[in-house]
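For reference, the structure discussed in these notes is given below.
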Amino acid sequence: MDKVRFRIDGIEIEAPPGTMVLEAALDHGIFVPHYCFHRALSVAGNCRMCMVEVRLPGRDGKLEPARKPSIACATEVAEGMEVLTTTPLVTEARKGVLEFLLINHPLDCPVCDQAGECDLQDFSYEFGEAFSRFREDKLIKHTKDFGPEVRFYGNRCINCTRCVRFTQEIAGSCDLVQVQRGGHNVIDLAPGRVFDHPLSGNVVDICPVGALVSRDMLHRVRVWHLERTPSICPHCATGCNIEIHTQDEVVHRLKPRHNPEVNGYWMCDFGRLGYKHIHAPQRLLEHRWQPRDRAEGGRLGFQSVIELVAEAIRTAGPEGTWALASAWLTNEELWLFRRLFGTEQVALIARPPWQERRFYPVWGDSERNPSLPRQRERGRLLEDGATFMIAADRNPNRTGAERILGEQACAPARLDAFVNAALAGQVRCAVVLASMPDYLPPEPLAQALAAVPETVVVDLADGPLAGAATIVIAGAAWAEKRGTFTNGRGRTQRLEMARPTPGQARTELEVLHALGTQLGRPMGPCSPRRLFGELVGEVAAFAGLSWEGVHHQAPEWSPHMAAQPRRLPVLSPAALVRQRGGGAG
Amino acid sequence: MKAPEHPSPAGLVGPAQTSAAAGAAASGAAGEPAAHGAAEGEPDEEPESEPPPGRSWVERLYLREIASGLARTFRHLVLERPFTTDYPDEQLPYNPRARGEHILKVDEQGREKCVACLLCEAACPSKCIRIVVGPSPWPDRERYPVEFEIDMLRCIYCGYCEDACPCDAIELTPKPYSVYDNREAYIYDKEKLKNNYPQDWRERFSGGYGKLTGPPYRGEGGDRSLIR
Amino acid sequence: MSIWALLVIVGILLIVLHIPPGMIWAERKVAARIQGRWGPTRVGPFGLLQPLADAVKLLTKEEVIPRGAERPLYYMGPLLAFVPGALALAVVPFGHDMRVGDTVIQLQIADLHVGVLFVLALTSLAVYGLAFGGWSSDSKYPLLGGLRSSAQMVSYEVALGLAVVAVIMSAGTVSIREMVLAQQELLFGFLPAWNVFFQPVAALIFLVAAFAENNRLPFDMPEAEAELVGGYHTEYSGMKFGMFFLGEYVAMTVMSAVMVSLFFGGWGLPGLTDPHDTSVGNALVSAAVFLVKVAALLFFYIWVRWTLPRFRYDQLMRLGWKVLIPLALANVVVTGLFGVL
Amino acid sequence: MPLGYQRLVGAVQEAYERGLLGKGIFGIDGFDVEIDDPPRAPAPTSAAKRRGCSPRWRAAGATPSSSPLSPAVSGLFGCPTVVNNVVTIAYLPYIFGGFGRGGDAEAGIAWWRSHGTEKSPGLMPYSISGHVRAPGVYELPLGTRLGDMLELAGGWERPWKAVIPGGSSAKILRLPESLDVSMDFEGLMQAGTMLGSAGVIVMDETVCVVDALYNLLRFYAHESCGQCTPCREGTGWAEKIVARIEKGQGRMEDLDTLLGLADRAIGKTICVFAEAFCWPIQSCIALFREEFEAHIRERRCPLRAGPRAAAGERAVGAGAH
């Protein structure tokens, strides 16, 4: 289909027909203020903020000045159209809309969690007026908790209905509706519902004002203090692109980062709240030695603990040493792991999937979601019509482990082999690099680890794994590492360090590097970037990738992925709701 | 020792004069524009850096200047009354807009007016304010400061916090800076800030204090100093 | 030694030991008033007990000794700065002789025949204290201060000595007691026969050199705060610093006393004291006159300090070597010529 | 349940019973005509407007949407959609069916053209209400003189003051100056107002225009669907201001505020509801400004007995914004 040629503020633009003026403008760096428009949602056109002056060619081909402004979000581009975003007509229209929006909006920015990242603040500052002619009483609307993650402040709501459309079109749950009418118009829960959908947190992100706020972060920090680090969510094999928001090295929230090929604009609540283990009270902050047969032991410095581990490995000899890596290690760590322990006497531990059964994409029900066909036309959907996917595999880097250590090493059979060998007394030393939150080793594995004379565990928190160890090394959480994860569909993405490791904790990269040096192996560089370079050179599945290329939003897919796209098992939201009700997550 | 009275700049004199000046300099007669040694009226110096022309050696003894200086200091000593104030017995009136220590204001029921918006913290250039936000125990507001601390040692009394406060909760009173003998005492907690401007200080700045001189303190609207 | 001599020694010692605190107080008060302030007011009436408070503070302060300090010299410095100066007072007559019963008591600890030389010898010892203190502190500022101080004091001692030579020449004696007695006459019936009138140049040189010897402004180069922090005593704290402090004021007192004796008629004041009367009353009046004269000179010290700015070091040296010493030599020659004539 | 609604539902039922509606009517297989019940939910006026042919018909909210340019091509569910007024449908049989003229469409059209003016032929049911002796619906030819129409409705004992010629959203006209207005589309357009729904509201001199405007605005504030911003916020704001003026607590700048908010609302909304509530504001203030100013100046409604700004009445708007 031919592209439509038109002009916005004098800039020649080509866009496919059916594109809305607002999208075209935003794509070309012309900012038009808007509230209700969201690229992932259907067009509502009710905020009236994105009004522009549209001049269409008349019969004689000349442009006729518009009598009244049009909303850019619902105006399709047309051949020869001239769009003006800064005329007096538009400026006055914006001022008018902002005045109307603000008359019933409370001036509670100081206590509003959105303050600092609020579109109403920004647009009022940029396009609005400094005074209001409103002298009447403001309307009072209700404030209530919509669900476990979301609180609603009706007074602040500007009725853009992004949240309503989100629940209809993306989540598919239709939990939120608009009730009342006129000035009393307000968002509310659909009768009998609780907004506990696994995607509920996203309405907080898309709410342009402070009407929907996160209960998790309620009153905790002010957003202008937050530092933002781009990273990858580790809680399932989807590998959502996220931002880690920290203040003073404390993680306060995670936000999705737009990546059209992975997670769109969204992330699930499990991932969103999945930073708590970083600051858990059980977090290991120092290295320990707790021998099985003797009473002594206690805390150790890093160098001492590495010497102790090296001694244990030397004593056990190559035949008596097994090493277990977790699917939460980065590719770089796995690469060092492979160089240190090879691929024979190693196995992979991972968190069990959400459920035994594997689900396939069921979202995007077009019966409930009439706008879906249109979205599919615009390429907004992920594969199979799913609006969002949560992978059943609750580990971020199983694919990476399979590529680096080999499919066999990562198969459950290998773990069984380890268990059998350990129970048979053939294993003298086991090194476990776990660093997984909420990991409960299966009973045989726990028994096996307890049966090994020297068990070295690198982990995040005190738990059954650390309890079974003779040497415990405090490891680093994913937010404390640099490196790459390869998600369930084979896409390699980079995560960045958002905070330093607490206490004496070390990243697994440091642990492996120090251990190798202590064992007298040539270890070479320890920087993730250079290790990734080695990985690209040595492992075929990573060939062609570059450290810069896997960063942020660069849409680089690994050749492996391109050759053989994998279908990712995902879950139905209903199943997740049931699981959350059972206390999972 | 004899020196030309008005040594000319070297470039403007004849050869004879130049050699004389050079000889004088070489003889080590260069000296001292000041003071005591030459009371007998002996010519004593040939400055290496040439003095401005038109000043005789008598003038360059600066005896008159020394004498007048001594006279002036003596006059100060004997005649003039010191103009210092006898702090702390005697205190100058503070400008009502003087920025002294902070007060955290409370409402009629003794509750903090602060809603813990952290705008003061954001505005503070010296980062001396620390607030821990919590859900408020009262139904009419949502958040309040569980902890509110100002490190008076870091504070530069710029008043930005007062400007930033949306609910008039923090204010800089004219109360001057306190002095303590340990650092911990300088970190004012919420209770201390709430009671940081007690009655006697208010009286003091409203003219009720004994040796206060100058106009009495009056806040704008009459209630600036009141705890509200 | 008679009991009287002991009493005189004790009395003089008491007086001398009370002068530095008084000086400190006066210095602060005068400085303050010249600058339009009140000075100390809080400790005692008119802040009179301020020196006591200072002393208590200095005594209770922690002693900090630099690690690299040369200990023996470091300890000796303050002593050398203080003691020799104080010793010089032994030969200064504080008043006329006093006859009690049959005994004639001299208000002087020791009437040395070489009194002036004794004074010169002892005051020049003080330079060791400063030099030791400066060098032994193992710190650059004290070292520079000590160096400056020794150079300065050595330089000005020459001029000081030459000025005194002229006085000795005209007085014909080296005993301070005799010099003072010789000044009790009246010249032309109205002018006291003080050496200052016979030897004005020597008096002026002595005055200037005395300022330099005592490291007082405008010649306080050794401890120029702006450049050297505290000069030779930068690294001293507590009472050791106090000794330096004390030494400075004692040295000032000694210089004033010597100058009064040499140039300003010592304890005599025509019309008030009678050199031929040895009654107790006359002796006491003469002692009072002496003290007033000393106090006046000390006040002049202070007054000048808060009036004149500090010299530059090269200016200081130039003044000493190129002006004062030639002038003093010329003065000696002129005095000698007069004596011959 | 309103009488009109009962009759409509009754007529639809009757048509079903007689086989005029339903599956295979007139015995033609596959010729199905169904009539859905009109939504019983109290839909706001705005949703019932022409553009209310919303793709949200089945969704919960009855709100207008930015409609496709031509609903007859692509409307509800993307299908051709025709939305028409009951009046239009009621006249169809007369015109095309030649009802009473033997089924001759030509005759029906000629009959229709014999009424009314050149440009606006035909009849119109005028709903005359207010200060006339015999209010009611009068079916009259388009172009009837307003004065004649009011006389037909019985006249009134006191002098008239104003008339709203085309339903509550039409601009008001002053009486008796406008008694000669021709009540058709063009004539009213010339007079600066519109025929609209032909609901003629007549007011005599006892009517306070401010009070009347307040009444209208209260209706509009209630009827706004609340979807888009200028209308949602503007209706409530205008109602509050006029209420305050009527109570005698107005300020002179309130009139400018009213006109300003009307300017800012007109043409900025999805449907024409903003125009509907702004035109009365603009025309009332334009034609009866002295009455508004009298309210503000005297701090009471001059037409009501006693001051309305009695002590103790709550001050409106204290502390807003």
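Order of writing sets the labels: A, B, C and D. Residues in every chain begin at 1.
Rule of thumb we're sticking to: contacts are C-beta pairs under 8 Å (C-beta built on N, C-alpha and C of every residue); 3 or more make two chains touch, one makes a residue touch a chain.
Every value quoted in this text rests on a predicted model; they were computed, and no experiment measured them.
Centre to centre, using the average C-alpha position, subunit A and subunit D are separated by 52 Å. Subunit B and subunit C, compared by their mean Cα positions, are separated by 38 Å.
If you average the Cα atoms of subunit A and of subunit B, the two centres end up 55 Å apart.
The distance from the centre of subunit C to the centre of subunit D, with each centre set as the mean of the Cα atoms, comes to 113 Å. Across the assembly, subunit C contributes no residue in contact with two or more other chains. For subunit D, residues touching at least two other chains: there are none. Taken together, the touching pairs link the chains end to end in a line with two free ends.
Looking at which chains touch one another, you get A-B, A-D, B-C.
In the complex of the two chains, the subunit B residues touching subunit C come out as 1, 28-32, 34-40, 42, 44-45, 66, 69-70, 72-74, 76-77, 80, 82-84, 86. Taken together, the subunit B residues at the contact with subunit A in this complex read 115-119, 121-122, 133-135, 141-143, 166-167.
Within the complex formed with subunit D, the residues of subunit A that make contact are 43, 45-49, 51, 67-69, 71, 74, 92-93, 95-97, 99-104, 107, 132-139, 158-159, 177-178, 180-185, 370.
On the side of subunit C, the complex with subunit B involves touching residues 30, 32-38, 41, 200-201, 204-205, 207-208, 218, 303-304, 306-308, 311, 315, 318-319, 322-324, 326-327, 330. On the subunit A side of its complex with subunit B, the touching residues are 109-111, 115, 218-220, 222, 224-225.
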